[in-house]
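Each structure below appears as structure tokens.
Across the two complexes that follow, chain A remains constant while its partner is chain B and subsequently chain C.
On to the complex of A and B.
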């Protein structure tokens, strides 16, 4: 039950609800726990609630770090 | 899928694995515990252990909420579900957990109790609104990730003055469990595998942030790397831990910076602090009694607390004799060391809780065939 994946926010609805898309499937979730969600954000969804937003710049940095750290050893 | 596929790239995985193999010194030991069941699952699913050199050993921790729920609390939930007029709602994983005499919620349901599987806490609130003449109880479990949603529905029930809804709260805390693994008296009695470093949880950390782990790094001089749940995340975290150990460092590093900050999700933390308070002690399956390791509902929300409403008393019930979940949850044994593994105990018919949830070590080993390497 701990598995959760990043999903893209498609629409914001009243009562802190939102529709998100994950692999072509859309689903209604709550964004009540996260501050300032906008359409297009990626959020980490767990048991029907967004827990945090994905920071695109940090994701890029991590991907760059994979390449860099594995290269340093070759 | 964005933020998923890039973190599963096989070529890059082999390169990171090669870096780990090149940097891990064959003459020293790297015993690394992944606390979280989500990591245990990923490690089994992607065969990460097969990519590691012999000096690096993964030890599966107790971070699976279904696995650490004590049998006494399962019995409590079953007793509540059997009361006339009650609808008991819970997450799907809990339905098959065997309680005393191997009775599960699923069996209680087959015998007539109204037990319903919900996807989220909000669903259980909706069921209460739709069934005003029934008592609806949400059987809530989980670490810091599922706690904020439970807090939210309790607040919503109070605001709506919903008289037929309550929560049976079993929320537990990650830092308390890590401390227990490192220093409980049982560890001295039973012995424990030496641990050299930790992979910190992904989603728990989105809520609590990386700050709580700073204490462990400092106090126990163990490095912690918080990692995402994708295979590259896990491999990268292992490489970062190997480097810290080689360099004699013990710091908190954050591999999952795309979703975890040092402070975490303050809005969620404030909500949890508003609704819950610490229990003085709580039983964990496999770890025993752990001080200040769980949450109870505050007095202010007493009408929505199922423990008060149904006057719940919890007995401490031992595991099935041959079940090794306790030792597995402490990292002392591997699933294949249990003689019930794959014979009397399978995901279809679990004897112990480690076989129930997909994040349990036994279920993860069974599902992805990891046991074959030892047979």
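On to the complex of A and C.
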């Protein structure tokens, strides 16, 4: 199973790079594989690359589910 | 577990003695317990949740979950729904295989990956479900509102075909023996150049092992095995009747002429893996085109089990994917996923067996990457040489 979570785009950088945030932790990734990413978009990140954009409402639901998962794991 | 850690990884350490790989240590950090969050959820909602959480291969995951729910209530979806699901599964397989060929394989050669080509493929295939299920209910147990836009589908397949011809096949007439060798020598695409590099280095058989292709498994036997797996050891370290197997394109396409020849000439090493991926890419796109003629409008009959247990087996891009659900009073009480990565990357599995006893050459990590990429884990991997 390939768990991948939506991260919010904070900053766009040159060379198709971007800073995204997930769970309060920022990370630089590549957005070279996705069309027209803008600040505020949610993207599915896998192995350092954004794979697709996600509707914000859907992203929030997924993150809420993940938060439950993390709580249950503790 | 933080968000970034959730994805997990596979950490691989190679131990070399006098130039030979003598030991391979594999640590699988994938979050295999993630399905626990599905317990207590209404059965009808679970496929949608599964497809959102496990979104790298979301089509295979969503369809496996829908079929598990249908199996739990003994009501398979209509053939029209299954045809549409097959088109979506094939689309995901084409996207994954093509991405290996135009993105990962160039990186193995030290070339720039063809990000623009991946972007074009993703534009055509990532949301293919919207072309078939305008309401987004493709993973609904019992099926969704199937209303295929055949013109849009044909346009997307034409885009994909053009990218593959340009960036992967590069005029190949086939991948069998002399045709494959001529194509590799011409080197028009990264795929061809990788095959040529394998031949030049005598690495066609690199990574071959005695791990057997995963055969058809009896669903009742698999169901019983998973039901008894209370500690999760089978899901983490799968084997079948004591035998370690590999799963994926090579296991599926072993009987095709081109793959059979590669196996006969060089064993189940990286050339056979690569050939199987290309053969499956050709076949999958062809099947998608063939299915276009049989897609039709159909309203699914939403269904959800009240009580029961369901097992679903799906051939996902990376290999055999199995979902199993137990349902009571309409809610899931236990959910299990057996994923292909656990077969291929178990500590004594196809990767480890394919590397141990092999010469490391000038760059053992590069050689190991060849086989890791061929076996295609669904998470990031790290490689360390000791």
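What we mean here is this: the second predicted complex is superposed on the first by the 54 of 74 C-alpha atoms of A that agree within 3 Å, B and C clash if a C-alpha of one lies under 4 Å from a C-alpha of the other, contacts with A are read in each partner's own complex, and residues count from 1 in each chain.
To be clear about the criterion, a residue touches a chain if its C-beta (ideal position, glycine included) is under 8 Å from a C-beta of that chain, and two chains touch if they have at least 3 such contacts.
Quick caveat, the model's predicted, so the values are computed rather than measured.
By the touch criterion defined above, A:42 lies against chain B but remains apart from chain C after alignment on the C-alpha atoms of chain A.
Once chain A of one complex is fitted onto chain A of the other, the partner contacts of A:25 are limited to chain C, with no touch recorded for chain B. Judged by the touch definition given at the top, the superposed model places A:66 against both chain B and chain C. Once the two complexes are laid over each other on the shared chain, residue contacts for A:8 go to chain B alone; chain C is not touched.
Taken together, the two structures place residues 1-5, 22-23, 30, 32-35, 44, 46-48, 51-52, 58, 61-63, 65-66, 69-70, 72-73 of chain A in contact with chain B in one case and with chain C in the other. Considering their complex, residues 1-6, 8, 22-23, 30, 32-35, 42, 44, 46-49, 51-56, 58-59, 61-63, 65-67, 69-74 of chain A touch chain B.
Residues 1-4, 6-8, 30-37, 49, 52-57, 61, 115, 118-119, 122-123, 126-127, 337, 339, 341, 378-380 of chain C are the ones that touch chain A when the two sit in their complex.
For chain A in complex with chain C, the residues that touch the partner chain are 1-5, 7, 16, 22-23, 25, 27, 30, 32-35, 44-48, 51-52, 58, 61-63, 65-66, 68-70, 72-73.
The residues of chain B lying in touch with chain A in their complex are 1-4, 6-7, 12, 15-16, 18-19, 22-23, 36-38, 41, 63-66, 91-93, 119-123, 142-143, 145-146, 148-149, 152, 203, 206-207, 229, 232-233, 236, 239-240, 255-260, 265, 267-268, 271, 357-359.
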